[in-house]
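Here chain A shows up in two complexes: once beside chain B, once beside chain C.
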Partner chain A sequence: MEKLKYERPVINKINAGVTDKFGMGHKIPIIQELEGNKISDLTNKYGSPLFVISEKKIRDKYNTAKQAFTTRYPKVQFAWSYKTNYLNAVCKVFHSEGSWAEVVSGFEYDKAIENGVDGKNIIFNGPDKSIADLTKAIKNGSYIHIDHFDELFDIIKLTETVSEKPKVAIRVNMDTGIYPKWDRFGFNYENGEAWNALNRIMLSGKLELVGLHTHIGTYIMAPEAYGVAASKLADLAINVDKKFNHKIKYIDMGGGFASDNTLKGAYLPGKDTCPSFDDYADSITNALINSNLDTQNLPTLILETGRALIDDAGDVIATVLANKRLADGRRSTIIDIGVNMLFTSFWYDHEIYPTKQTGSHSEDTTIFGPLCMNIDVVRSAIKFPLIQKNDNVVIKRVGAYNMTQWMQFITMRPKIILIDTKGESHIIRENETGQTLTAMEKTPTHLT
Partner chain B sequence: MNLDKYKVKINASLNATLRSYSQIFFSENKFFSILLLLVSFIDFWAGISGIIAVTVCNLTAFSMGFNKEKIKKGLYGYNALLVGIGTGLNFEPGIVLLILIIFAALLTLIITINIEGILSKYSLPFLSIPFLFGIWIVILASSHFDALGLSHRGIYTYNELYSAGGSTFVKIYDWFNSIKDFEILKIYLLSLGAIFFQNNLLAGILIAIGLLIYSRIAFTLSITGFFAAFYFYEITGSDFAQLEYTFIGFNYILTSIAIGGYFVIPSAKTYLWTLILLPITVIITISLQNLFLPWGIPIYSLPFNIVVILFIYALRQRITGNKHLTDTFTKQNTPEKTLYLNKTYVQIIKDKNFFPLNLPFWGKWTISQAHEGEYTHKGFWKEAWDFIIVDKENSQFKSSGEKVEDYLCYGKNIIAPASGYVMNINDGIKDNKIGDINTVQNWGNSIVIMHAEYLYSQLSHLKSGSFRVKAGEYVQKGQVIAEVGNSGHSPYPHLHFQIQASPFVGSKTIEYPLTNYISENETTEYKIFGIPKLNDKISQAVPHELIKEAIHLIPGQKISVISEIAGKSTETVWEVEKDYYNQTFIQCTETKSTAYFYSDETGFWFNNFYGNKKSLLFNFFIAFYNVKSAFYKDVSFNSFIRPNLFFNKILMFFQDFISPVYLFLKSEFKIFYIEEDADLSPEYVILKTTVKNSIFGNENKLLNFEIKILKSGIIQIIDNKSNKITINTKI
Partner chain C sequence: MKIKESIAISESGFMFDPSTGDSFSLNQTGKEILAFLKSGKSEEEIKEIMIEKYEIDNFTLEHNFYDFMEMLKTFNVLTAE
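Right after this comes the complex of A and B.
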């Protein structure tokens, strides 16, 4: 008979009062494999920590989102938000599904071009576009979403030197009844700035106004807000048509759809409370269809959803470095991935799962990262089973933003692998080594 | 007034006069007309009378301002012509006769206009009814015209033969008479001649030759019809001799041509109907003869008129089945041309026959039950569809599928498949739990929309309270009308869609195709019209902006054409026009070649070409024959081009004979959608088209074209000899 696994003793306070509404059970599920690959096999092969992206989950999620919109609206186009995750492999999966690219910098723009995206299928957003970037975008026929008047003037000026007619849209910010109002990007709707900008574009005669864009915020839990935004954009489109007899080709509703992650401080888990793609689609498409837009000639609906499409597809495997009891008696576990790699743990209570069968007991645990910094807390409090050093854990839904916002600090950035639809794993980004970093450093001669 | 104007007028009058002759056989063939004109002069006075009558009639019609096109086609003249010849033969030649004929012709014209006015309300032809009235009136009145003597011509055959062709004719005539085997053929020829009141074989032979040259189908029909009638006489034992002496046989010939090939598109079925209708014509003829006996007037072509009008009117009252015995909507000058053109129409412009009904939803849906489905689409309701939405794993629900909300199609907007009036709405029926069915309110919440007479669409099992329209309201195509639910006989949410001929919820279904959609099953296909099958994934085809722009041609506009053929560059101008019947066409200003087309948002179809087949317009015609405006990469489809555009006259002569049954000469047009500029304001689209000619399935000639459609309506065509034509449709 196999030797039973040692479990340290636990003392739990008995709550004699009213039971909470979720009952008493705290059996934590375990994750033993990702897309058919055993966790232990993956860590043996690629080391720990390890980011794992599932191609199947990306494609499934994309198709769910696409279906939610295309069954409600005749013309729909997705544009992959590069900043959410611009790993080439990830971008290419989206592009292969027909997604365009939505970029917010010259660097991202070039990356999209390198990924084989036709310049005409790139949406160029953001407040920072250099003259060189704009020139390139105009020449490639990309859609430039103008953020401020200075940019508009730049583009009008550029028409003197660039022969191609720039294709532009404006970004509009507005009150959709939610807080916070993102008013730092684009032109405001309520105070007439957006209408002013549209007039200037149309009257200049030098730009081709193709679309209207808004991005009302991020992790929006209220789909109705999108409905309000969509009808305001529709109104602008109708007014442009009325005044200038010019049809807007697309309405870009941006992104900001919530993923199933749970925000810090939320009472219920995100899985249960976040709206589905159907909810967002319902709200947006109904607003457009019920607007005064000609139903026989509706503009294309563009969506720049990032987070909601990729979050689920990324997991990270980490290893327990140590268990330790804090001074106040709380248990704590230190794992080998910290907030520098897992940026989103500042916002989310990430779900963390053990990878081996554990006993039925669990304990309130704080999960720390490996950094020698006090803020390196992955979860401040989680009911967690009693796991031991060298055991693996899986942190769910880390596909969005982590792999673009992570920073090299104290530790090196690990490998990222993609598990394809057949279950085969491929390295899509190598781990950093000391070499990677020192290669860029230069030591003045007097110090050598 | 200049000379040209007179020329035009004289030309028109000549045309009108000539065509009045051939119009008796529903033909506008010039050679046939001249032949018939000669035949009428076999009896000189009859010929003179005829030409006077028709000239008087047409000139009067022109000067009074009746429809010029109709006069030019000879439609107003042929009745007067017949009255003229008939009168001319009945009476002794002389001035009095000529005066009588002028008045008879005018009378016939007035009768023609009146009868047309009455019958055209029912879209029926007036055939030779005006002639019947005209000649009857003249004959009944003539007994009081003492100055007129009755003619004895037509009785002394030998005399006439001799005067027309000397002893040779007499010999031929005797030889014919001597061979008993040819009796039936003789009667056939005499009957043909009798159409021009000629009781001689020469007339018959000439007319038969003319008929054969004019149309092979009309010729075979004339024989089919005549023999059908002849043998019916034989079987019933009626007095066959009547046929020979009383100018009756032509009724059978004309009825056969009219029903078998002129008013109905010729096919094996029309030949069959000819065989059915001719015995009926015989019965009608005999009974009418008995009826008319006391009045002493011949029945002439009365049986033909009665049968044709009865049958055509009856045909047009059909609700379904127009696929068989189809009306000829665009009559060409020969039955075979009508047949070929109709085959073009049937394949290309089906919406002339079918009202375009689009899919009632957005996005890609799957057929979970098609026509004659295994669950409920049976009996009266067998021509219906059930639609659901499935995900990548072919599951129609997410999570557990225990709630209606889990189903992907639930709550999705339903749009009007075409514009029309909302006739009926049933609302207020609760959704079923999954797996449950409501057999009491079988159809659940439903809506019926009327799109045209006898064309209604019904959408069922909708969500209670989701209707955005009311009964009696007019809805536009694509307007949101309700949401998918799970009410009625619906164990899980789905959309039930059916086409029916009456406005009630749950009416009997009719088979009717849906239009303009992409169907994915084993292959991806573009359907202009189609009936979706089980498990097809279908979505509406969206027109491509550039193609839509290029094919939007407005009558009155000009098109500039630059061609680079064998290194030589030339410039031409085409004009877009529309004719009297609102049919649009492109005409080359130089060659005067004309290509008829039809276009709307969904596509462009050329349907006919007249003129120079070496012209650029003909190249454009075949390269751009049928272009659908929806672009779906790698999709392709075929269409039929009528063979008489490509094959020579000798081959076509043989093809014509069997054309109602089988085409051994085939021209097939195929279009491939190659590449598009993936952009919201695209710059170009590339298509490839081919035209393949084959004889008995063996390839005879293959033409390839690469077509590039650019912004602002520019179409570039490059053929396999790298000749290039650039067509600018927006100048």
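Right after this comes the complex of A and C.
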């Protein structure tokens, strides 16, 4: 007699409570393949855990964003935010679509140059730019976004030794009606510091003021805040024109657009509540078009959005190491990727999916990573089907920040692959080995 | 271990404990195990039947069976022998 398909026995207590007003079922969909590649084939070939990036999703998302802005404003330029994901392959996909590079350190600046980006298409942000970094950026004709007065004076001083005229913008922080109000970067609008910095730049005569920049925050759910910010930058540009008869070439609205991930504590899923690119584009372009900017010389609108462009394109495949019961009877599942490699699980309730067909039953589950640390919680509470040891799961939307902010701890960081637009997979970052780490260590001779 | 005699299990896997008023849902294998326990079969007998009937190895079943029995204890549906 042929044996029946097995599902491990489970009992769930039925709690009478308020009815789910959305009538959503608890049956979790399964993900059996990524961009045409079977999950089991990928783990057999590359191991687990495994970060998987979809080139198609990057390009599709980029073009959706581009269309939202270019259909509303005549001059638009995207600059890829390196810190969000600076894998060379990822950066090159964005550059091939026409994105400039937006970097925040000397390391990122050099990476952009190595990726073939023309220095004139690099935006240099951030509070940490060494004299050597600034000199290089000035010589390459890059756009330096000044963060503080010390940096402004450094650049003015550098003009004594560097023949090229520095192209600069200032970063402006401001009240846009949202909380938290970021004020640690750049010069403040409301207290007049930004205007003071612009006057100093113009009166020095040694710098070319090319742009105005802001970055109002991160994961901003209120598109109207961008409208407020764009209006304030437009006012600064108009005032510079009035006082110095000087046209600002670009207004850079930074990044901070939300992705479809769900923030911890959010009542509804991010994919149902996050603004679309059209919402952000509406708010920003309306503010610029309705301002008193000279319509014959409208500044280019630069966007440095990172998270919203790359988050969806990254998934991670993980493997179940064990299932166990917590003291209160809740199920816990331990997987082979933890918070050290999935930094974003600190602030997102990541969507996690099984990769095999399961029954209709599920259990309240806590998903832990493999670290020997109590904080290693990937999902604190999720209705999850009855998966077994060695089964795979797929964690969605991990493309932003994880592959730049991850840290090696206890185990090695895994491979990252890119699946191209034809469905072919390519390793774009090798996994670490013990040797990767020990190669950097030195042992004093008396301990050898 | 035995199941409380008063426990009622429907064909669809709905279980009711009249002594506490608690209700539970069971999947197919959970429902079968409970029915066997209720009929007086020993744990070893039940495991043998499950191995015979389902595509499952001894080790996995042992682990899952232990886990399931622990849940029955947690939900207070067992009585002492």
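FYI, the second predicted complex is superposed on the first by the 438 of 448 C-alpha atoms of A that agree within 3 Å, B and C clash if a C-alpha of one lies under 4 Å from a C-alpha of the other, contacts with A are read in each partner's own complex, and residues count from 1 in each chain.
Just so it is clear, a residue touches a chain if its C-beta (ideal position, glycine included) is under 8 Å from a C-beta of that chain, and two chains touch if they have at least 3 such contacts.
Remember, it's a predicted structure, so these values are computed and weren't measured experimentally.
Participant: Between chain B (first) and chain C (second), which, if any, makes contact with A:440: first, second, both or neither?
Facilitator: The answer is neither, since A:440 touches no partner chain.
Participant: After the superposition on A, what does A:372 contact: first (chain B), second (chain C), both or neither?
Facilitator: Touch status of A:372: no partner.
Participant: After the superposition on A, what does A:325 contact: first (chain B), second (chain C), both or neither?
Facilitator: So A:325 only meets chain C here.
Participant: Tell me which partner touches more residues of chain A in the superposed arrangement, chain B or chain C.
Facilitator: Answer, by number of touched residues of chain A: B.
Participant: Quick check on the superposed pair: does A:203 touch chain B, chain C, both, or neither? Answer first, second, both or neither.
Facilitator: neither
Participant: By the touch definition at the top of the document, which applies to A:388: first (chain B), second (chain C), both, or neither?
Facilitator: Second partner only, chain C.
Participant: Just chain B (first), just chain C (second), both, or neither: which does A:67 touch?
Facilitator: The answer is first: A:67 touches chain B but not chain C.
Participant: How about chain A: which of its residues touch chain C in the complex?
Facilitator: Per the stated touch rule, the residues are 3-14, 323, 325, 328-329, 359-361, 386, 388-389.
Participant: Residues of chain A touching chain B in their complex?
Facilitator: Residues 59-60, 63-64, 67, 70-75, 77, 118, 120-121, 141, 143, 167, 208, 210-211, 249-250, 282, 285-286, 289, 295-296, 300 of chain A touch chain B in their complex.
Participant: Can you tell me which positions in chain B touch chain A when the two form their complex?
Facilitator: 361-365, 389, 391-392, 398, 408-409, 411-413, 476-480, 539-540, 542, 677-681
Participant: Hey, which residues of chain C end up touching chain A in the complex?
Facilitator: It is residues 15, 22-30, 32-34, 52-56, 60, 64-65, 67-68, 70-72, 74-75 of chain C that touch chain A.
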